Every structure is written in structure tokens, then in C-alpha cells.
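Written below as C-alpha cells is the structure these notes are about.
By written order: A, B, C, D, E, F, G and H. Residues from 1 in each chain.
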């Protein structure tokens, strides 16, 4: 029984004040989250892509869910597909007339119906410190693009070769990026370095690269959290998807 | 010897091409960071307040440094003053004709010459889950205000009383905040909850509250990093200053 | 504007269906948590005492809050009062005609107006492995008693003297306890041992006793979590309050 | 030599007082645990299913042990069978005329002779935050059902979609559950959220889902232990079996 | 009612077989631990000193408990007395005609009535790597001596001066020690080194010395556990009392 | 040039005092460890079996090294052979006329020439808490037997069924064991329980069993180190070899 | 546009002072790292080999990159090649007329064109505690040799057989090594022991050997960091490449 | 009995070959470490200052030990004196005619008789990232100077102001430093940055600065160990003394 029905029943005397009050109360309890969302967060939800974590899904399930998501929203991110499923998935989706863009060194891809409805608004920079970090960076790029942002990407720009950071940053600033995602494993210093040089918010993504003490991204995470540079916030280790979405939500506002 | 001088000397033949080239090279090495900053990051730097960490400084030093900073920039944040110095510092600065605003439950304050030059641009929400977190939240508020943002603060809005979150969020969204800082200790769930309900970027600050396993902010940090909600990034435990600056840098762009 | 008012206005035609619908929607968003609680959790909330964590509160604040809570609910738990405030607080509250029961070896106390409204229903066992754990155990006892449970307490019953466990358990089982709280530091084995011998749910509380590797309750926590004995669940280190409330909520149901 | 024999021998003068005393003493040492159990814990033991951890057992051993257990008790839980053995085990047991119920997304199953002797008494709620947690939740369900409880299960009810929590809780409360098991990985917030909304004891099971800092269930565990909500206790990461048994032992008492 | 009484009552027909059986059963449950100990562990218990952990006890309590223990057993170890109580305690006990031996650099002491009943049997070596470790080593010495062992102690024999180890070991071996306690903080290497050179069991005690990564005894503990040298077992960090008792129990058997 | 040669040369004037002194000095530096060992530790070394860690060795190498070791010492322990090599190794060694005893549930075995030279002296108890711990326990048994000790083994004696501990301990004490090895995973409580009941030194071996928080033996290790029971020392997780050797070295002394 | 061109243009009036200044400024930003490096670090860079981490590279990529590096520098280190690629890589490179030296027990190799241009200067000692550490030690050896150092290697020199350390050290000191790399897993004591005996800097490499508490090199790392011996610094666990380069950079200076 | 005496006795027939052999053997065992050191490490030992850790020493003891050390070696380092003793110690030593140099922001000082015997040989750079790190850096400086090195120090050169690093490095390279000590807390990035820019070995000292996750130097340590830059090794957190000695031992060789 929806709210209008309750009210109409009440208006025509079919239920008493007490009955109406109770019915509305139950109604509130049942739909409370939904209401909150629909009323408060509606605009944003439209911008966010649907993310399908394929890591633990069977091939057929992923395929079906991805198609349904594209039907609903025009596009979807399929994240961390199983390696052996990747090509097969892409092939099957293309056969259905969909467009598929697979991230470099990555098993994450963007699938869409080609009718990208969002106009490009806002630009995001994505930087990766080493070749092993590119897959994570690509997750960020695909998500930001699916949210309608232009992405200026620059990979393999490590702290050991800091001279490569300067031209990359210059390109990003020239494109007027609203936020920069920096993916970095090992000691993770690149994120601090970048944040100390620019005036746009930097989102650090520690990458699970490295070995021994502080390996698997822990040193990079600690390093980024300890950074005394203002203008840097982080997401969890390897969370390229989250970083891309966060950066795009900043950049779009700006645009 | 600055660049112009080198060039002028070279122009009038006082130095050879080789000498000029070498002088410029040395000049580059010496001032490289500075140049990069001046050219690239200038706009942002102007917006960021000077932060004086007073925790390990002597009373006299803090006083002197704070005055100098206000002279330079019109204002400064003095963060984590020693408890026994707080009132004395505030008093001394006021005597010099400066304005001092001390954060609630906090030993951080904003000192300024009253001629706030930045026009208010952008709004930031600051939310704290429990009374113990207010001090950290106040750091964020003072920093964001010093950067010219309007701050909508709401404290003591915990997960145990989630019903208090809704009106607080409503107020923030009505004020059109560009980002929301959420300070939360214990299990830190508030940050995820807020991020799942709004469409503005949320900056989580784990607070060093709690005891036993996961105490001192570790559970809150882990919780925020693990959150499957998009739109949430974090700074280090108790880093109210960093969160405030990050949020303000987003909000200002938006404005 | 409360729900009844909205409905009455609507009934007498003061507002349209659309206006009523919108007003109810806003009402829902604002009070959602509150409604959910009032409707769903009302019965339980009545049973739970108000807990006032005095650790970081000033003397005057604690006093005032405690009095207000007793006025509201007839009783309150003041937990972890500052040592130097304990006697003063108890004295001041007694002067106001209130009854105060301080836990043994503890700075937690129960304050009430003497008109205990809850009839005793259900019994809870509380066991502590060593003298250092008694303070935590007393927190559990006071909370369970404030919830109307009879408590059978037995302290200083350690693993090194397992023979002391048997008569204690026997007494608890004879009193028909619905749950047993076991507080244990060091290796925390007592909780497993008890859970392996009885058929009532056991709530383990690791105590922050011990030193070196696994000290501060970590070994006890790990031990209890690893226990292969069914019938044991745990709360955080030193969380006597939580254990008492959990055990009492089980025991009351049973009664 | 059992106690009666000793006493009879002593009564007819076949052994002296001293001999009787010594014989009884030896008797005590040998059977002490057994006696304690038989006398004290008898009732509960009858209710608990036999759990066969198949993870490190060979196919043939698991089969044999499971059959023997069903013969003894009418039913048994086979937990974490090897994936490749699951179907084969189920088939072989069915051929023997036994009934097998495999948990969804799980390698745990309940095998019984179909003559369930326990009458349904008490209800337990089981909630899982994400699809990856269902296997753990199913362990809890099967154990609780084997103990004679009715189970109201609701899966895929996550924090990101909190609106799905309300109807699920409503259904559980309507069924009068005596305890609710909440399985949650990632940030594990669901357990706190549920415990803050209901007046029945909640048993949290952190699931080994998640990655990076706090992954493998550590963030969820920390979060649940830190929760400031009363009415929540936890078992170890992924310990669905333990949670189900604990919840059922509460619910049965209530019934 | 003790066992003999039960039996005698039964013998003279005052109770039936069934009554006797039940009385004995209850007796077993109540005293089970105690019986087990008295029958099985009696010899050893006599050897072990009573340990009074004074760390959290009030001056008056420690004094009283210590006197009672000496009355019972002729001697007692008072461990980790508060610094400010140490001299006062020693003085008070001496006034009562007791003998007090305080460990060097330690707040642990042995108090006895001077009528040492145990004849020296077995010798134990105690070695400390640095001056900071002497307090822990003295705990081991006092406990071992109280158990009737001769102790050959050698302090300040560090890995940095390995040449000092040889004469110390030589002295111990000449005294025919049955076990050697090695207290070592920092990297804890001394325990491995000693174990690799002698043919008596070595008990390692990591000392909570050191700083930074692996400080507080963690590096020493890890090091000793990792040692590939056979003949080394460890106790917890700073557990001099436990090491002394363990070593003495080995050495006495040998004697 | 050995010492005698140097001395003889010197005696017959072939070298000067200075030359002799220098030659001896060099000789010392070169053979110092060896000398120390030969002189100091000789007796023990004879007792210790040679341990061949086969885990990272190729089949052929393990075979060759094992044969050589048996030739030298009459026997050797091959520890943690690769599963696929185990039978093949045993077969090949038997073909050479050697005797091979493989540990139950284990890939460790004792190989010998059948002419066991050591007369049995001393007895050692070996106890395992669960079936998963048997492999580790068997390592301890084989090592202790190879050192000439009689071993009284009792497996699957867990804390959940403490009543099974009593008869096992009784049997060990009747055999006059000089030390007891207790292997226990999960919460590791068995080691404390045993140590609290007997008067022989107990060597705890945490087993890498268990999951979630404190899994992989960490809870068991912490638990054993925290135990407040005197008479318990530990070796590293899964170090059955070390525990067996340590226990045997105690037991042999006693015999 | 390089600096000379800018200056020449300026000199002949093709650009103004302002234009020259701006061009130089951009030039600085773009090439800043490069300039700094070229000017400051040039000499060293020449000495360092190119390291190709093959662990995550495809066979064909590794081959191509290795050949290119040899072309550029005459040699290259291919580190951690996949086991299955190792022989194939070596074969393919030899067919191209290159020289390949594979490290013992290692998948790291040095490939060169045979025209080693660096004259041997300086010697480095490389010591490994156990056979499992040899692979790491070989990485250090190959890197140091590629930098023109003579390497004195000594493997399988463990703490358990300290007598083997002396002749190894003697050989190294006789060869006048400028630094010694010590690779050690388990308790890692060898590094301290060596540093306490020699007067050359020692570079410790913890090896990821060991199990249980402190396994995977953590105990060795902690141990080396805690060492109270002056003259010891460490690199990360298993970082043989870094240790070899560091040691060689010391040794070369000395030569 | 020293070696010469043994030999002379033997030469004149006072002892037999066998007696001589045995006497030498005992002599070896006793003095083995000493011999090894005297013969092998003599040169270096002369260079190393005596370090007196005053942290746990009484005022009088520190004074006495320091004077004795200066008498023996001409100088000594007193490290981490208690704050309240610092001035008093310095005053007392000066009164004795000694020279005292206290480190800035430090409680470590160098005391000498003014007759510095070591000629300056080699230069060492010492760099600190923040003002809080200066005390640690000063420890390194004083130790390196006491070993006869010239020290080029540059403090407060942080990553946030990377432009300050260049002139500092330039000054160090101009002074021809043989090694650079870099002290850095928080994220510790400075050490990697410096190592990537220079061709001299860099010794990283993580400082126990920072808070929250990775605080107390752990992030800095992890960061430095993870650094992919060759030419960087580390010592433990806050180990300025060790870093200074290590760097000086490199620099002196070079000189």
C-alpha cells in the first residue's frame, strides 16, 4: 500500500486516524532507506556507473549481469574478470552489438551501448608509478570516463625517475584536471610528491606491489597516510575503481 | 644571480655562451623545486593556511612564529598547542590586536588580523560521530574556514543514533556543501553510511578513539578503507587539518 | 509537524493530497532512525540502562548527566569514573537521596532512585579468572543487575586452579543462569573451558592483563576466537559493560 | 572397575577402607572430565549436532565418519568438504537412504536419517551482507536447523543498500527470532547497524572478504568489536558453524 | 563430607549404595581439580615457591600475604614490588625476623624464615646479555635458588663482546648446570649462540629492551623462536620467574 | 698444520717462539668454533640426530645426503620430504638395507642402519590436541626416539574433550617421562592445562592450525607464552623437531 | 629547444629578454629531474647496471629488453626470471653471441657482450647463512661484479656452525673487501656476528626463510635492525640486488 | 697462563706435548672471541668511539663512566642523557677540564680531552627532513666527527619543500662526502629522493615521528626498505648513532 493510497483511504473515511498513522509508520520502516536515497542522493546515483565485480562470478552470470546493466544504464564496468574469461566475455558482448574497452594490463573493462549519454564534463589526471600499477590505473580511468570525465593518463612515471613526473603533470594541468589519481606501490612516494607540486586534490591509490617488510601495498598506504603534504587523501590498496569514482565526482562538480 | 641578470650579462657580452649555459645550469639545480612550485602551484598555495604544529614547540617559539605567519598571510592555524599554553597563547595574541578562535574541545586555533581577505567561496560539511571526536572535527572546520569556505558543522551524530544523521545531512545539502568531512572513531561506520547517502565527496577521518582490538583508530581506518561505498576517501587517523584542507580545496573549486 | 497533525490537517482539507504526501516524506527523512527505533526496538530499549562513560568527562558534567539519567529512567550506570572523582561523585549522588553501588576493584557504579521498577527476571553468571579481572567483571554484574537479572558472581577462578571452577559453575547452574560472562586475561583459556562444560551460552571478555607477546588482552581475544568449543561468543577486550548487557538480554528472554 | 563395584567390594569386606579410598581416587582422575560432562552438560550436548570438518580429511574417511555420526545422532553437519568431493559425498550418502541438504554457495551440508527427532523450537535470523558471505551464512543456517530451530534467512542485504535491511529485519522480528546471526565482510558495519535497531541478541560473523588494509575479515572483526552498540557479540572470522550454534542455543531457551 | 566419611557411613549402613554413589559423584565434581593435583602433581608443587605478584597490590596486602606464605612454606618470592614500597617491605619483613634477598637491579625479592628446608640439588646457569637485562635474570636466579638449585650467574655478556661468553659458559659447565637461562633483549642472539655451544637445555627469555622495529622484546622473541639451533625453548618476554622455575625443574631432576 | 705439528716443529727448533705463536694464533682463528664445539659440546652432539630438511631439496640430493648421514651416525631424520617423494625415498632407502620409520600423517621419517647404538634412556611424553596436529607430534616422537628416549604418545586429546587428557597423562606419568611435548593449534590451551597438572617440564608446540584472527598458530603461541602456569616453555609454531630434541635432552639427563 | 639554442636566439635578437626568460623557465620545469641527474649523478649512473625485473614480464619482452640493455651498456642484470623461461632466455641470448652467467640456485643472471669495460676496482664479500639463501646472495654477487668489483663469496656459513664463519671472513679480509653482504634468514644472527668481528661496513639482507612467528624474514629483519653492533645497515628482505649495488658502491670508492 | 708462557714451558721441557696441547686448547676456548677481535678487527675498533647509553644510568654512574672512557680513548659519546642530568653532566665534565659538545635539540653529547688524535679523514653528509628529526641527526654528526670525519649537516630539508634539498645536496657533494645520512620521519620519502639523485651511498634513519597508521617511524622504515632506488640502506628507527658510525666507516675508507 503506497502512501497516496493510505491517504486517499483516510480521506474517504475508509480508515481511522489511528489506522492511517500505523500504516504510515509501517510504510516508513519498510522503505526508509529507499526513500532517503531517492530523495537525497538521486542526482549522484545517475552519474555513477554500475560496477560488476566479476572475480568470483561464473562466466555466464557475469555476461548476463553485464548485459542487463547496459540495458538499464547504457554502460557498465566489469571489474577483475577472470583472466581466462576476459576475451570470451568481450567477444560475446561485442557480438551483441555492444562496445567494449578493456583496460591495458587489466582485466577490467567498460561495456556500453555506444550511445554515451553523459556529455564530457570535467577532466581527471591518472598517473601510475610503475608498469605493474597500470592495471589499477586503468580501472580508475575507465570509471572516470564512464562518469563523463575526460582522462589525462600518464603511466610508468616513478620516483626513481622523478624527471618524468614534470612533463606528465604539466600536461594534466594544461588540461585543467579537477583531481589527480596517483597509483603507486613500493614506497608510494609519488603521491606525496605530486600533491606537494599541484593545487588540485590528489587521490592516492597504494598498489599491492613490493615485497618483504611493508610489501603488498602496506608501505605505500602508510606512506601516503603519513604524508605531511596537504591535499592528499587515499583509498584502499588497489582500489582503482574507488579512486576513479572519487576523482570524477570532484572533477564533474568543477566543470 | 637571477636568470634575468645572467641573460643581461650575456646580452652585453659580459659572459660567453658557455658561461651563460653553465650559470643557468647551476641556477636550475639550485632553484628547481622552487621554480616548479612558483610556476605550477602558485594559485593553490595562496589558499592554504600556514599550519604551525605547536605540540613540540616552546611557548615563546610558538608565539613568535604565529605572529610572523599572521604578518605574512593575515592568518595562521596553530595546531595542538600544549594544554597549559593554550590560554596564555590566546591571551598574548589578542593583546597584539589579533583575533583568536579556539576550536571546541580542542587545542587548535585560528589566529588572524581580522582582515580576512578571502571571500567565502564554497561550503564544507563537518560531522563528528561522538563527543570525543569534536576536537578533530574542529581542526577541520578551522582550516576550511581559513581557506574561505563556509562550514556547516554537526557533532555527536553517531551510528548508535543514526536517526540524528538525517537532519544533519539535510542541513548540509541545503547549504550546498562541496564535500563533507566525517570524523569517526570506534568502528568508524558513520563515514560509509554518509557516503552511501549523498552525492558529494566524503573525506573520512578515523579518530583515535576506542580500545582493545582495533582501538586507537585502527578499526575506523580499516573500516573506511574497506567500505564498498563509492565516494569516500580517507586521511590518516586524527588528521583533521588534512581533511579540512582537502575538503576545502574541493569545495572552493566547485564554488 | 508530527504525523497526526499532518493527517488531521489533511482530513479537514487544510492541505492537499500532494502537500500531505510531501510533508510525510520530509517527516520520514528527518525522523527515520527515530521511527525505526521507536517502533521496532522499543521493548528492548526500556530494558537497557543508560551508560555514562565518565572517563573523559569533567566531574560536574558527570554528576549532572547522571542525575538527569536517573530522573529519566530510575537508574544509570556510570562507567570508568576518574579515580579521584569516584568517592566525590558517590557522595554527591547519595546526598541527593540516590542509591549508589560501586563495583569492587572498579570505578564503575550503578546509581538509582531505589524504586527499582524491573522485577528480577533471569539469572546471569559472571566469572573472573584473576583478581585483576574483577573490575571488568563488576561492570558486567552491575549492568546485568540494572537490567533486572539476578547475578551469580564468582571471582578469582583461574585456569591454574581449575579445581575452583567446578563449584562456581555448579552454583551458577543451580541458579539456572541463562548465560555466563567469563572475564579472562593472560591466555584467556577459562572461557573455552567453561563453554566446554556447560549448556548455556558463554560470553567471553578478554581482559587487558598480560605482558610481552599477546599482552594487553590480545592473546586472550585470539584464544577465545580460536576456541573450537561451540557456545562461546566474545566482546572486545575489557568490554564488561557490553558483555553484561548481552548476557542479560539472553537471560531475560529465557525467564 | 566402576564405582558401584568398588563400593560393593568394600561393603563385603573384599577391600579395606584404604584400598577403597585409593581405588576411588584413581577412578576420579581417570574419568573426571567425563563425569563433569555427563553430570553437568548433558542436556545441551543432546542438542548440538556433530560437526565433521572435512577440509583435511580424505573422501573415504569423511564418508565413513558421517555415516557413523548419523547412526549415533540421526544427523550430522559435514563442514567445508573439498569441492571435488562434495557431489560424490552427497550422492554416496543419498544412496544409503540418507537425506542431504547442501548449503547454497557452500561446501557444508547437513546429512540426516530423515527422522528429525527435535521438534522445532525457537527461531533464528540469519543475514548476509553480500553474495560472497552466503556460504558462511548457510553454515549458520544448517547448524541452527539441525538444532531444531526455524531459520529466517535473508542474504545480500548490504550496507550500501541499507534500505534492504529494513524489510528483512521486519520479517525476522515477525517470526519472533530469539537471536540474529549477521555475516559481513569488508567493513562489517551491518552487524552494528542491525544490533542498533533490534532488541534481540546479535551474533556477528566477520567474513574473510575484502582486500588491502583490513582485508580477510580483519576490518570486519575490528569493527564489530569496536561497536558501541550494546547487544552484539562476535565469533571468529568465517565461523558460521559457531555462530549458528550460539544463536540456536539462545533461541531454544527462549522457546 | 570427605571421601572417608562417605565410605564409613556407607560401611555402617547409614547410607545406601545409591546414596554413596551420588555423594561420591558430587564430591568428584566439586574437588576434581584439587584431587587431580594432589594425586598427580604433589611432588612438584612442593618444590615450587609461592610467587606473589606485588605490582598491583597495596603495600599492606603484599606484606600480609608474604608473611602468610613464609609461614606456610618457609619462603616466598615477591615479584615486581612497587619501587617506592621495596625498601619498606624489606625492612618490615626483616623486623619480623625474616631473611630478605633483593635481586640486583630488580624489585623482586626472596623472603624466607632462614630454615631453608630444601637441600641444594642441581645447578642452573643464568646469563644476561646486557645490564638492562639483569633485573629479569635476577628473578630467574631467586626462583631457582628458592627451589633448591645452586645458581651460576653471569651478567653483561653480550653478543657485541662474544669473547665474554666463553669463560662464563666454561664456569657454568664446570659447575655441572642442568639448564641455562639466557636473558637477552635487542636482537636476542645470545640465546642461539649459547644453545649452539653447549649440550644442556637452554631457556631463552627475551627482554623488553630495544626500540623501533622489533623493540620491546619482539625481535628477541622472534629471533629465539626462529633459531635453527636445537636445544632452545623460550618463555614470554621478561618472564624471568617462569624461566627460573622451568630451568630449576630440569636441573633438580638431574641431580 | 695441526697443533701437534706446530708444537713438534717448535720443539725441534724448526720454528721460533714468534713463528710458533703466530701459527697458533692463525690456527685459533681458523678453527675456533670447531675447537669450542669439540671440547665443550661433544657429548651432546653425539646424542643429537642429524636433521635433513628435505622441503627444498631435490629427490636425488635428499637420498644421497640421507645415506651419507646414516653411514656417519647410524641414523638420520629426514624432515618434511615432498609428498610426492616420500614413498620413493623410503623405498630406495629400504633397498639399501636401511630401516625407515615414517611418522603418521607426516612426511618426516627416521632412517637407520638398524644397529641403534644408543641404549634407551629416559622417556618423553608426546601429546597432540587434534588430528591435524599429529604430523607435528610425530616429528617430536621420531627425534626423541632417535636420541634414545622411549616415547609415550597420545594423540587427539583436545581441550574440548578434557576428559581424554587424564588417562593419557596418567600413562605418561606411570612411564616416568622426564618431559612432555604438547602440540596444540587453535587456542592452544592444552599446553597450559597439562603444565598445570604435572610436575615435569612441558614443551609447548603451537600448531599452524586455525583460521581468522590468531590463525596459523599465532593464537596458540600467544596463549602458551601468556600462560600463568609455571613449568611451560615453547618452541616456534610447528617446530616438532625442536620440541622433540629439547624434551629428549631433558629426559636423558634425568635417566 | 635546448638551452644553447635559446641563448643563441636571444643573442642574435630573435627573441626578447622576456621570451628568453620564459623559454628557459619552461625548459627548467620540463627537464628538471634530468638536469639534476645529468649534472649531479652522472658518474654513479655509469657504474650501476641496468636491472630488468623479469618476474612479471613475458618471455619475449624480457628477451627484447635485455638485448637492448646490453647494446646500450655492454651488460644487464635480468632478475627473477620465471623458472620456466630461464634456460630458454639464456639459450636465446647466447645464440646472439652474448655471454650469460646464471646465479647458483637463482633465476637471476648477468648478460653481457663480453667486452667488460669496467676494470675491476674494489672487492666485496658475500656471505650466506644457509643453502636457501644462496639465490639471494648470488643476486648480490652478480650485481657487484657487473659494477666492476671482485667478489669473494662464501655460502652455507650458518650460526649453527659458527666455526665456518672464521675462515670465510679471513679469506674476505685477505682480499681486502670494502664491504661485506651477509644474507641470513631464520633468526638472522649472522649479520650481527660478522659486523662485530670486522672493521668493514656490513650490509645485512634478511632472507624470507623461516616459518611460524617471525617467519618470511621478519625475525631476521628485526634482529638486524635491533643489533647493538655498530657497522651494520640493512636492505629489505630478499633484496640481494640492492645489497650488491650498495656494497659495490662502497667498495669502488675505496679502491 | 698466556701462550708464550705455555710455549716456553714446553720448550724447556716443563710440560709434555700433551700438556701443552691441552693448555693451548683451554687457552683457545677462553680467549677465542678476544683473539679473533684483537687480530681481525683491531684497526677499526680504534676508530669507533665508546658509546655510553645514559638513558637508564644514574647521574653519578654516567659521570664516572664518561670520565673513564675519555681517559682511555681521549673522547666518548654520551647518548640520551636524562634531560634533567644534561646540563649538570656537561658542567661537571667541563670542570674536570674536558670539552663537551652537546647536539642541538638532543641529549647526546661528545666529551673529549681536546687532544683529538684522529686526523680529519673523509666527509659525511647529514640531512634531516624536519625539525623534530634534528636530535637524531645530531647523534649521527657527533659520532661521525668523533671518528675523525668532517660533517656537512643540513637540517629541516623536507619533502614538502623539495626545493630546499638541492642546495643542501650541492653543498655536500662539493665537500666530497663519502656517504650521506638522511633522517626522516612521517613518510620518510626524503631518503629515497636523495638516493635517487646522488652517487654516494645513503644511510636512511627512519625517525619516530608521525601518528596514526604507520606512526612512530614504521611508515618511514617501510618506505625506505621498499624504495626501488639503488644505493640506500637503513638502520633502525631513531638509530642516529648507528647511522653516523656506518657512514663514517665508509667515508674514512674513501679518504
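Going forward, contacts are C-beta pairs under 8 Å (C-beta built on N, C-alpha and C of every residue); 3 or more make two chains touch, one makes a residue touch a chain.
These figures come from a predicted structure and were not determined experimentally.
Asks: Strictly by the touch rule at the top, which chains does subunit A share as contacts with subunit G?
Replies: Both subunit A and subunit G are touched by B, H, going by the contact rule given at the top.
Asks: Roughly how big is the turn, in degrees to the nearest 5, that lines up subunit F with subunit G by CA atoms?
Replies: Between subunit F and subunit G, the superposition angle is 90 degrees.
Asks: Measuring between mean CA coordinates, which chain is farthest from subunit G?
Replies: C
Asks: Of the pairs E-G and A-D, which shows more C-beta pairs in contact?
Replies: Between the two chain pairs, E-G has more contacting C-beta pairs.
Asks: Taking each chain's centre as the mean of its Cα atoms, which chain lies farthest from subunit B?
Replies: Farthest chain from subunit B, going by C-alpha centroids: F.
Asks: Same interface as A-G shows up in which of C-F, E-G or F-G, over half of contact pairs matched?
Replies: Most of the contact pairs in A-G are shared with F-G.
Asks: When the centre of a chain is set as the mean of its C-alpha atoms, what distance in Å lies between subunit A and subunit F?
Replies: Whole-Å distance between the two chain centres: 55.
Asks: What is the distance, in whole Å, between the centres of subunit B and subunit H, each centre taken as the mean of its C-alpha atoms?
Replies: 39
Asks: List the centre-to-centre spacing of subunit A and subunit B in whole Å, with centres computed as mean CA coordinates.
Replies: 25
Asks: Compute the distance, rounded to whole Å, between the mean C-alpha positions of subunit C and subunit G.
Replies: Result: the chain centres lie 60 Å from each other.
Asks: What positions in subunit C touch 2 or more of the other chains?
Replies: If we look for residues of subunit C contacting two or more partner chains, we find 29, 32, 35-37, 40, 162, 166, 170, 196, 212-214, 218, 221, 225-226, 236-237, 239.
Asks: Can you name every chain pair that touches?
Replies: Every touching chain pair, ordered by label, is A-B, A-C, A-D, A-G, A-H, B-C, B-D, B-G, B-H, C-D, C-E, C-F, D-E, D-F, E-F, E-G, E-H, F-G, F-H, G-H.
Asks: Write out the stretch or stretches of subunit H touching subunit F in their complex.
Replies: 3-4, 7-8, 10-11, 17, 20-21, 24-25, 28-29, 32, 35-36, 39-40
Asks: Would you mind writing out the residues of subunit C in touch with subunit B in their complex?
Replies: Touch residues, subunit C against subunit B: 29-37, 56, 206, 208, 217-218, 221, 236-239.
Asks: Name, in rising order, each residue of subunit F that touches subunit E in their complex.
Replies: Touching subunit E from subunit F are residues 36-37, 40-45, 47-48, 51, 166, 169-170, 173, 178, 197-201, 203, 221, 225-226, 230-237, 239, 241-243, 245-246, 249-250, 253-254.
Asks: Looking at the complex, which residues from subunit C come into contact with subunit E?
Replies: Checking each residue of subunit C against subunit E gives 131-132, 161-167, 170, 211-214.
Asks: Which residues of subunit C touch subunit F in their complex?
Replies: Per the touch definition, subunit C meets subunit F at residues 130, 158-160, 162, 186-189, 192-193, 196, 210, 212-215, 218-229.
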